[in-house]
Amino acid sequence: MDFGYDQTTARLLAELRDFMTGWVHPAEEEFERQVREAPGRWEPPPVLDRLRAEARRRGLWNLFLPGEYGAGLTNLQYAPLAELTGWSPSLAPAALNCAAPDTGNMELLARFGTPQQRERWLVPLLDGRIRSAFAMTEPAVASSDATNIATRIERDGETYVVNGRKWFVTGAMDPRCELFIVMGRTDPAAPVRRQQSQLLVERDTPGVTVRRGMSVYGYEDREHGGHAEIDFVDVRVPAANLIDVEGSGFAISQARLGPGRIHHCMRLLGMAERALELMCRRVAGRRAFGGPLADQGVIRDWIAEARVRIEQARLLVLKAAWLMDTVGNRQAHTEIQGIKIVVPAVAEWVVDRAVQAHGAAGVSQDTVLARFWARARTLRLADGPDEVHRQSLARRELRRHGGDARRV
Amino acid sequence: MDFGYDQTTARLLAELRDFMTGWVHPAEEEFERQVREAPGRWEPPPVLDRLRAEARRRGLWNLFLPGEYGAGLTNLQYAPLAELTGWSPSLAPAALNCAAPDTGNMELLARFGTPQQRERWLVPLLDGRIRSAFAMTEPAVASSDATNIATRIERDGETYVVNGRKWFVTGAMDPRCELFIVMGRTDPAAPVRRQQSQLLVERDTPGVTVRRGMSVYGYEDREHGGHAEIDFVDVRVPAANLIDVEGSGFAISQARLGPGRIHHCMRLLGMAERALELMCRRVAGRRAFGGPLADQGVIRDWIAEARVRIEQARLLVLKAAWLMDTVGNRQAHTEIQGIKIVVPAVAEWVVDRAVQAHGAAGVSQDTVLARFWARARTLRLADGPDEVHRQSLARRELRRHGGDARRV
Amino acid sequence: MDFGYDQTTARLLAELRDFMTGWVHPAEEEFERQVREAPGRWEPPPVLDRLRAEARRRGLWNLFLPGEYGAGLTNLQYAPLAELTGWSPSLAPAALNCAAPDTGNMELLARFGTPQQRERWLVPLLDGRIRSAFAMTEPAVASSDATNIATRIERDGETYVVNGRKWFVTGAMDPRCELFIVMGRTDPAAPVRRQQSQLLVERDTPGVTVRRGMSVYGYEDREHGGHAEIDFVDVRVPAANLIDVEGSGFAISQARLGPGRIHHCMRLLGMAERALELMCRRVAGRRAFGGPLADQGVIRDWIAEARVRIEQARLLVLKAAWLMDTVGNRQAHTEIQGIKIVVPAVAEWVVDRAVQAHGAAGVSQDTVLARFWARARTLRLADGPDEVHRQSLARRELRRHGGDARRV
Amino acid sequence: MDFGYDQTTARLLAELRDFMTGWVHPAEEEFERQVREAPGRWEPPPVLDRLRAEARRRGLWNLFLPGEYGAGLTNLQYAPLAELTGWSPSLAPAALNCAAPDTGNMELLARFGTPQQRERWLVPLLDGRIRSAFAMTEPAVASSDATNIATRIERDGETYVVNGRKWFVTGAMDPRCELFIVMGRTDPAAPVRRQQSQLLVERDTPGVTVRRGMSVYGYEDREHGGHAEIDFVDVRVPAANLIDVEGSGFAISQARLGPGRIHHCMRLLGMAERALELMCRRVAGRRAFGGPLADQGVIRDWIAEARVRIEQARLLVLKAAWLMDTVGNRQAHTEIQGIKIVVPAVAEWVVDRAVQAHGAAGVSQDTVLARFWARARTLRLADGPDEVHRQSLARRELRRHGGDARRV
């Protein structure tokens, strides 16, 4: 057992830290201004291009992707880098070409794509020339239960025909988002986990209508392409756009889950760390009732609680990454579910306490905090509400103890 | 002891319930659309005028105001009416001319205003022709400690000169908001609670600059006039615009607090009730994993918790109102602080659980929930963060037990 | 709506307060010593007799019992008196002949007993000459689900024959406890809520074996007769010992529930108030790290939280009592369940914080706190774990909102 | 970074697991019976001797002690072994000669003792022939603030004279406990952390009076020697009994803290794991309301929460152990304080949920749970209440962020 970082990780962390300090954080103000001053614009603001060029120059590019197409890091190696990007979640992941949902889509194409699909889509994505989205959630059903998914994908000769409505398709409001990976039902009669397939749908295919951007606690998230509601009406795409084989949609989703969780969770911990730092500085510099806020016992209590929650959560994420690397996703199931349950709640709590310590400034546009909070809160719902994962984790625990629990 | 409503309250509740059902709730969609489709507009949307006329016709007007100028209800009588308006907090209070901060300002003018001040400002406010704001919070200091307030109000012959910056001046982005009541320091050398005064400043006075609207978790709250940041630079107003006497600013604030708390808290409980109803309906109608969400034990647990928290909180508010009516604000201090501590937290929790039960819809613009949440969350900071009130309540409790120790 | 006490209540409160201060609290030390120094003894210590005589002399006797046999108070009138007795829960209720489970048993006999049963049992109980117990819980099944109860009561000519094992029969270790009211199944084929009956069983009936005292977090509760495990093997009692009619056991239990809940909950609030007082005095008088503990923000936060939780919980209990008095148990169902959910948890929390503020003394025999805690904790299980009541309350709430919830 | 155990640890874990399964758990019932049936006896029950002999035979002896005198394991290696002993905390640590407070005392003697002190006391302790206690806490002051300690140790020629009262001296009721290590003030005029010294005092020294056993939530803990209150009145011991030098008492305490925390915390996690297992088995085998308790969503929620809290807490303890081994106690300060804050609270919570799932059995003597709970709860106070450590951890965190503020 050893809790230290290896050399590769340590080297990349140093490089990334330098980039964050020298380039990313100094650009935040301009970034925010560019977003604010272009109300109708869904593309990321221009300042990002400069950051992307510099990141690439430093070798901080596609770090998330294992194997030949990417940087070749393990999950355990990438995890602390992802955390660091979470300190500036609107800029840093995008600057490094490591932003969701493109990361998951690139992994999927690298792993399950045909050579043609990889050539057509993976190459420009790796190069940062286009963006992509993942259309999974549906407004009309509880889509955390995959068997509820209503969107149909039907074979008709050499094409597939898609019908359905998706929403919260993150990134899809950005016109540069050219590719939608759509999850739908190909065979409603198949066993529950073999009914779905995933299909590549180009944005400009007839029948595709991007209807509106969904907001999240008042935020449109224009800076990373928003969250679109999209109608698919008799949308026809070539049969060659299918990913893998019919009926593999659910299994592919599961494969995609593990690394995505690690990334999301580590970024959230980065946000939590930044919120904690902001809180510490705020309370050290603000006075009320005869002394700095930092002397208030209750605020100190929050700080201690924040520190121990973050430390524990990070260790659990790192262990989950290590298990994925050494024994595989399946054996890491409890830990992968565990971090989904734990980390967004920790981040939400820490950020909320930082908001409280900032008073009115905390809820406003003048700090990153309210926005961070909305991200953390939303991740308690994204890819399934906490409760679904908690029930599932408990079932496994009950089985482990010989419990005669009903299979659900 | 008797937990039933008196006849006046019961009659007005029935009338108001009828108005809510027949007029307010049906208008919500149009209201939202009018707000959404007029992005630069800070006035309330036109649909409100229709509601105001009808409310007035029904005698549902200025119900909040005791005494000759208003409906003459006690705090205990008005409280359940306020709760009902909380079911539609953007429309109903405004429709009834019972919206903050105008309510507090009208009370203040009715109670402390000179005949001239009342004639000039109270009359059009009671009539709903203009709006007003209360400029208290400052960006540069922790203004929950009133002794921190930095804005200066200095006498210069027959005028007062105001210098300072205020923010989160609710309602002040609305151009019809013609009056700002400004809290500032007149005598920094006086005893701590005699340093501040309150002054009536007209919006168009030279030196007043409304700089920008502050956002709250991404919401600009344009529908009720936003939250302005305002600069006061050498702003000169006639000496007759002073409220009461120099040095009474703090005492007036305290007097204003009690009823305002009752109103805010009851409206929050109305929001919580609506969120609970939405949650119950959602989970009854949504299915996952083989049954309605309403069959999930964890969700039922939230519902039970929501019910018992709301019931308890409401009783505490009603008791605070009764104490204010019977023994006065000072004797009701613990209860008035208690409801500030309890109710926003209860409402926040209930609404958050309703969000969770709604999944993505809960965080979006398609339900009232995310917006309700932001309101409840903000009230844990408004008129002093919870923590200030908790420390103060505890000090009083400690004093109460300061006598001879009973043997244990 | 009126939150003040009526004259009868105010008068009795004053009398009881005087008795608590002058007689009960001064006797606590002797009481504890007598318990400690008689290790094998299950009767209450002798000092209690003196208190009982004085209470009776003052008219503070059988206050809990409405109607002709008792003091004739309403639930709402008795509630604050019960709270006051909770300040000294081992002495005061017993001194006033208002201790559970005798209270519930007396109510039951007064309401459902035949003249012969009342003469034989109710009279000496009202007179305080004997004690009684209620044998409901069983070790082998989850008896919070009444349909699980396995003890059989079978008719055989002019007798009933009882077979089964009960435990946590409070008071039954006291040899003066001469009567056990036993809940058992008379007709397993009847509808679920008509299967059970209640039967009066004398302690010295052949086949009755009191096996052992159960402990509660290390406490044997000898001072109020412990919690017995009792075997009933072919125990024969006259058929005339049946309460009411066969099959009414469940309904009678429900009738018994309401007032018992009010009593338990109010006593718990009394314990919580005493714990809060002890905490305030402790922290005022104890110094660490340069000042009294009372200056620690976190401790003040507990004190504020304790105060607002107690206030809210008390109001809910009082409202439940008022509803029982005015519209009956059935209409007060939500409130009666609500107080079961809320009050033990509040008391547990307040007492636990008082323990923490006392350090090692708090967990030891040198304060009442650890013992209070065990009482409060146990009441989260007694007459059904919290969770059962929460699920049930939620079902009713779902129905109220038209939810299509499955009936459970 | 590597989350796997090394070979030594894995081998010892297997051996210990075998011992627990084959010897310890089967002996629990007899152990409990022997304790119960010898009410006045403070020595551990005889069955323990058999276990100790077997443990020694297997090489499972003094595993806690690094260096030449013990098994030579690192903290990281011993930690998982300590967790395993926590499954049976009254038997296993004692069987392995790894029970507190002897472990800390042995460490102290091994590290700071003179050859004579080691010969006289360490050898028989390592051999398990005698026991020892640590007299630190005092009833009259908040001794978590070491500067409050009032016991005096004064030099008088070739002797030291001790005066003071200590309590909660764990193990000291056992007559075989021959040695008390007493913390007292030698120089009240010295700098705060140089005022205290530690002194070896034999049990039978004149002036030493063991007054009584303190109870903990009704438990006397006779099976491991109770918690004594001890008076020291003009107790004279040879000057050679001083540990290290005068004024080093505080520093020695700090050195002792780290490993003790690891042990305590890992044992608590063992208790939590056992409680979780008991809960899973209970709810799988118990039925109510139409199915096993294991189907109740709320109970599943507890199980999931228990699992993720335990996993996180364990990782934090292991990291703290690793830091102590690699960079030393001082650098591990945050983690050592972190586990003190986190682990007792986690264990308390898990055990409490297991109690609730067991109903009445959970609070009684028929399961280990209520007793486990009392241990966990007490450790939130032992060696300083949580709050002291939280404030201290927060101060360090605040200092860490004391540098230049990054722009937000």
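The letters A, B, C and D name the chains in turn, as written, and every chain counts its residues from 1.
As a working rule, a contact is a pair of C-beta atoms (placed from the backbone, for glycine too) under 8 Å apart; a residue touches a chain by one contact, two chains touch by 3 or more.
Here the structure is a predicted model, which means the values were calculated and not measured.
Q: Where the contacts of chain C and chain D overlap, which chains show up?
A: Common neighbours, chain C/chain D: A, B.
Q: Which pair wins on C-beta contacts, A-D or A-C?
A: A-D
Q: Rounded to a whole Å, what is the gap between the Cα centroids of chain A and chain B?
A: Spacing between the chain centres: roughly 37 Å.
Q: Per the centroid of Cα atoms for each chain, what is the distance between chain A and chain C, given in Å?
A: 53
Q: Using CA atom averages as chain centres, what separation in Å is found between chain A and chain D?
A: The separation of the two C-alpha centroids amounts to 42 Å.
Q: Mark out which residues of chain C touch at least two other chains, giving numbers and ranges.
A: As it turns out, chain C has residues touching two or more other chains at 296-301, 387, 390-391.
Q: In the complex, go through chain D and note every residue touching chain B.
A: 296-301
Q: Within their complex, state which residues of chain A touch chain D.
A: 1-6, 25-26, 28-29, 76, 276-278, 280-281, 283-285, 294, 297, 300-301, 303-305, 307-308, 311-313, 315-316, 318-319, 322-323, 326, 334-335, 338, 341-342, 367-368, 387, 389-391, 393-395, 397-398, 400-406
Q: Please give the residue numbers of chain C that touch chain D in the complex, ascending.
A: Interface residues on chain C, with respect to chain D: 39, 137, 139, 141-142, 144-145, 148, 167-168, 214-220, 286-289, 293, 296, 298-299, 356, 359-366, 370-371, 373-374, 377-378, 380-381, 385-388, 390-391, 408.
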